[in-house]
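Each chain carries a letter (A, B, C and D) given by its place in the written order, and its residues are counted from 1.
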Amino acid sequence: MANMAQAVRMALHYAEERLGVTDIFGEDVGPPLGGVFTCTQGLKTTWNSPLDERGIIGMAMGIAMAGGRPIAEIQFCDYIYNTIDLLKLAGNTCWASNGQWNLPMVVMTPVGSGIRGSIYHSHSFDASATHIPGWKIVMPSTPLDAYGLMLAACREQNPVMFLIPKALMRMKGEELIPGEPGEDKALSKLIDAPLGDRSTWKAQWPETGEVDIAIGPAKVVRAGSQVTVVSYGRTMPLCRKAADVLSGEGIDVEVIDLRTLWPYDWATLKASIKKTGRVLFVNEDTEVTNFGEHLVRRTTDELFYELLAPPKLLAGKFVPGIGLADPLEAASVPQEHDVLAALRELASLAP
Amino acid sequence: MANMAQAVRMALHYAEERLGVTDIFGEDVGPPLGGVFTCTQGLKTTWNSPLDERGIIGMAMGIAMAGGRPIAEIQFCDYIYNTIDLLKLAGNTCWASNGQWNLPMVVMTPVGSGIRGSIYHSHSFDASATHIPGWKIVMPSTPLDAYGLMLAACREQNPVMFLIPKALMRMKGEELIPGEPGEDKALSKLIDAPLGDRSTWKAQWPETGEVDIAIGPAKVVRAGSQVTVVSYGRTMPLCRKAADVLSGEGIDVEVIDLRTLWPYDWATLKASIKKTGRVLFVNEDTEVTNFGEHLVRRTTDELFYELLAPPKLLAGKFVPGIGLADPLEAASVPQEHDVLAALRELASLAP
Amino acid sequence: MARDAKKLQVVKPAKASGKKASAAKTKAEARADAKPQVKAPAAPAAPRPQPVSAFKPIITHSDELPLDRQLLLSMHDTMVKARCLEERLIAMYKSGHGYFWIGGPGEEAFNVPLGLLIKKGQGPAFDYLHFHYRQSATLLAMGEEPLGALRQMKNTATDPYSGGRNFAGHFSKREWNLCPVSSPIEVQYAMAPGTAHVQKRFGGDGITIVTGGDAGTAEGDFASCLVWSSRPGQELPVLIIVTNNRWGISTPYGQVQGVERLSDRGAAFGMRTKTIDGNDPISSYLELKEAFEYVRTERKPYLVEANVSRLYGHSSASGANLTKDEPDCIELFEEKLDAHGVLSRADAKKVHERYFDEMAELARQAREEPLPEGDSIWNHVFFGEGPADPLPRG
Amino acid sequence: MARDAKKLQVVKPAKASGKKASAAKTKAEARADAKPQVKAPAAPAAPRPQPVSAFKPIITHSDELPLDRQLLLSMHDTMVKARCLEERLIAMYKSGHGYFWIGGPGEEAFNVPLGLLIKKGQGPAFDYLHFHYRQSATLLAMGEEPLGALRQMKNTATDPYSGGRNFAGHFSKREWNLCPVSSPIEVQYAMAPGTAHVQKRFGGDGITIVTGGDAGTAEGDFASCLVWSSRPGQELPVLIIVTNNRWGISTPYGQVQGVERLSDRGAAFGMRTKTIDGNDPISSYLELKEAFEYVRTERKPYLVEANVSRLYGHSSASGANLTKDEPDCIELFEEKLDAHGVLSRADAKKVHERYFDEMAELARQAREEPLPEGDSIWNHVFFGEGPADPLPRG
């Protein structure tokens, strides 16, 4: 089974070959490295950019304006914060020109904690991204979703922010990407660049196909009747594990992977919350002015009278950074036991 | 009575003379212009910077590191978005150095709509600012508060973001700043730079004094028993007007000016919401991942069982920009009639 | 470009000078005329370019002007047209028919030649334009109708550039590769390498042109443009222009920047650079022509700094009043045209009068047109999707 | 600086060479020795500086080395000490006693002289330091104890720079004006003018020193530093340094930047610039000395590019393995010291052995120390305020 880095790579290959992607670029994205997380190894249109995030986003906007289809990588989302003005500009160019111009561009960037990345390799970007109008924002938590959402992003007419949870980069999927060899080593032999000299290496791409994953729909990962938990990215697997644990305690949790943060699938969330009357939103961005707070607000706006308990948010603590030492990271962003505790409490609240 | 621009100017003069402010700088902040909103006319330590927002924030950080007390202006908050990484760095420098370094710096910038500023002179910054840890964030809605909060900001040991509502810049206060001449023309003669040649002009500063306004406390602008409305900045006067109108309709609204967005005065909000059971939060930033949504979340977290109606947010529409034509701006950000409608509805909701 | 020049020559100068001879020109003749006889030496293709122009400045006081008479007349005509447009926009602002004015009166001598040399069209075969907010003269020289600018000033729904959403001077025209003018200073320099990158791969002779002011070069994006345009083996066909009026709103250039000649910023990047007199349309035309030809054929960047005037202050925020402290390129040009018997004072005056009336009439028209509806804010949030408020309204 | 050099001479070289004579030196003699006899001509105070160094490079193959013997020995001693420290940090990473390594093995010949020339202390009378993450050698040359770096590697609560919060090599020491090393590349260049601005006003001879890599100069912040340091009449006392190892992680410099000599970037700003050999501690010392003196006395900026090696790759992310493809400044220096009879191979070896053991011992100590507590995340969110979670926990 492909891990997320391999899934993204196969999707980018497919997009180069069939969806008209013209440029996949960023710092260390081209050969020999193929990206600090190997997401861009062996591809045809990759190139290494100068160390200049503003230049990277500007280049992507220009390529898109001139009819190309760029995929720009910001090496870590921790380094995207000097480009917010350009991201806002990309998001308002169609609107400001009254519909004349569109920017079919994808910005992909690794996000979140979980690799002991310390203060500047642990940032989340979902709160900031969802505050920028004019973008579609996706964040897969499985290799198959990463593959499918990247294909969808490369077909999109508007700017797409593709957030990749660092912590899940090496996690293997449970579902096969159509066309990938079932056996791990086989896939690695085909598309992972060898150590040492790579000057003559070429990837052997498996014939991967289309999948039915679009920008928008959330996914009910586990059906449940008593509590709804909505998450995405690194915290998603934690929610699934927690739900399994709690089923043993007689608490039946419905788990929803949002997958697309904007525009998000309110219908699926609403239906679930109406059913359970209890909802916990989980993400790891800092919790003040957090996208989960938007979802809480939306919930109280539309479902207040159907709630059996207050809608809750479990997110990152509002601290200036995530420290390197394990106890610091564990205390700063949601861990499995935090999800368990939050769900238990939510389930226990009397209406 | 001083307007907000004059109040800020008098506070900066006081801070230059008595609080150790060493540099007040930014684009067109120095003579002859003294700021595009005249906030820095006639001051001693002002200077014009290169047109480089990153350089401006970096300079402020460096000055603060070396023991100076800088006040940096970003001409419009619409142009601050390429500095978010530096603002984050300023906010985490103390934490990352485990308490060694602090940055006593103030960044002031005009925010919001209301001057027909079109797409790039109408931005709000409260949502983005409140998502950055390590900063104190204030936003006055009256000249006296602007004066007092600026004095407090200039005494602060940590970075302070001073957001000035453009639309209120020329609005006169109802309370005198201690020491200011009561008569408008008199004050203007003393401290407003003349048109034409200013090379020999010097401001005649009135002896203004201290006021009892700190970073933190909110202000109950109007006591009420049935509905609480919490706002700040441009929308604050709209809420007061709406409350007056509604009192005629038998709806008794408590109006709270938050003034400090971080760290904010939850105690005052909590007491009011407990009393009324109904709360409307009003601001004009775009409404997705909006600071008002944090306040809604905090409310449901702590007061869910005491609420008589869902906590509501009235904020800017989630569009890429605020258009120049009046109908576009009016449709994009809260107007008085929107506040009235929202309050009427909230008051009418059956528990 | 030949197309435009031809148009200008056959139509406008004829009107301007009123001479039958030129009016009667055949298209072929006109096209021939469109190629100005350059009197100055062509630029040497120096292997390692110098910071200063290798192109000898034109001696404009020679008896014979180095450009074709029809071209001189058409440039003058468009310069006056642009000035009258800007002055009308200012008049609209002052009479309450617009909320904000910013524009390019004083830059016509540079902006008109620039427009004439642009290869106009859509897609990478044509020039991509990343302009700032002082270039109505460039658009007019490209053949744009002035009515659009007046509509944008009045923020009517008919404003062809932003539908009443953006400020005056914030043009956008996709059919001409004219990227939306952005209020944020200098970001266009970060985007320009992107369009040039596509053009480099596409081939042909389409190039990217980016313009901005002197103060804005303090932003990092100006440096980014130099870096990204000069990557070894990936040099980009981008004409990087700085119009230096020595002001950033109220701040004199010399007070905040220590760079003597802004074009020198390109030297370290091994790119060709020069500083030219943007107040002289003849020298501007010839200097720009050399730069355009270099970028079109060599597919490499060229940094051009043009010294220009700012005749009505920064914007309406600073009053938008005429200053006498800076040279007026139109006055200077008319002096020269008169001295060389190309255009008499009297005929020049007629051009001014004609365009004054024309712009006044167009402004009256724009003023009557409706504003956009409030509900239209939901249009074009996403390209190719219908208007939709993402959140239900209580 | 004299203080540091003295300290180094009296203590370390004595140990190193084991010679009684030098060990027995009086403080006065030592202090005298500390002033190296510069054999090279001083830099001419050219009115308009050239992009290339006006300072003649030292011919290091001359019979007599142009620096005092004790200084040579102390520099070698500290270079070896720094190398041993970095290699110990790498060893800790590889044995699971740290999560990430990044540092400066290969830059010792530049970083040690830099540290010796710094005026160490707190406040504007002393030098402000905006470093990047490869400068442990500079800190050691300033007299810092190596234990702190080892503690930071193990992210212990005792880490004096960040309390276990930040990566290795991310130093911060307020008593020495050492600003926190930031992971984001190049932001230090945006802050450096701020400390220099205060120093310019303060007077005295304290200056600001900012360092960073070659790839990072593509960020706009590098240009911002040049702009803000050279404002007319407001030129700032800042020594702007670029250590050029010709790599940005996996990307060769020449693939992404067209600037031949990075120091040329300063020329347009009218600042003094030069490119020096950062692999030679003698030439580095003399070139830096000239630059320091210029900035201290003239109170104006100086841009110095130093060519250096990267001996263990970018970081632990790329394996942190020794490469043989790049010159090792310590090997080269020891060759020279041996050839000139300053330090024998055998004695040099002893220095390596001594520091190898010392670092191994210190690492053992650091490894045993406790990590910070989870609750401590609330410490130092705001300076001068106690720890506090702003939101109640259910």
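Just a few scattered comments:
The definition used in the following text is that a residue touches a chain if its C-beta (ideal position, glycine included) is under 8 Å from a C-beta of that chain, and two chains touch if they have at least 3 such contacts.
This one's a predicted model, so the numbers in the text were calculated from it and none came from an experiment.
Put simply, the chain farthest from subunit D by mean CA position is C. In this structure, the chain pairs B-C and B-D differ in their number of contacting C-beta pairs, and the larger number is found at B-D.
Rounded to a whole number, the gap between the C-alpha centres of subunit B and subunit C is 39 angstrom.
Between subunit A and subunit B the centroid-to-centroid distance comes to 34 Å (mean Cα coordinates, whole Å). Once the centre of each chain is set as its mean CA position, subunit B and subunit D turn out to be 43 Å apart. If you average the CA atoms of subunit C and of subunit D, the two centres end up 48 Å from each other. Touching two or more other chains at once are residues 50, 52, 54-55, 79, 85-86, 94-96, 119, 133-134, 287-288, 301, 312, 318-321 of subunit A. Counting partners per residue, subunit D has 162-163, 165-166, 182, 184, 218-221, 224, 227, 231, 255-257, 381, 390-391, 394 as the residues that reach two or more other chains. Touching subunit A in their complex are the following residues of subunit D: 99-100, 155-157, 162-167, 182-186, 215-216, 218-220, 248-251, 255-257, 317, 371-378, 381, 389-391, 394.
Listing the residues of subunit D that touch subunit C in their complex gives 51, 218-224, 227, 230-232, 235, 254-261, 264-265, 267-271. Those residues of subunit A whose C-beta lies close enough to touch subunit D in the complex are 27-28, 30, 32-33, 36, 48-55, 78-79, 116, 118-121, 287-288, 312, 317-321, 323-328, 330-332, 342, 345. By the touch criterion stated above, subunit D contacts subunit B in their complex at residues 123-124, 128, 159, 161-163, 165-166, 170, 172-174, 177, 179-180, 182, 184, 187, 189-199, 201, 208, 220-221, 224, 227-228, 231, 379-384, 390-392, 394. Taken together, the subunit B residues at the contact with subunit A in this complex read 54, 79, 81-86, 88, 91-92, 94-96, 119, 127-128, 130-131, 133-134, 262, 286, 288-294, 296-297, 300-301, 304, 309-313, 318-321.
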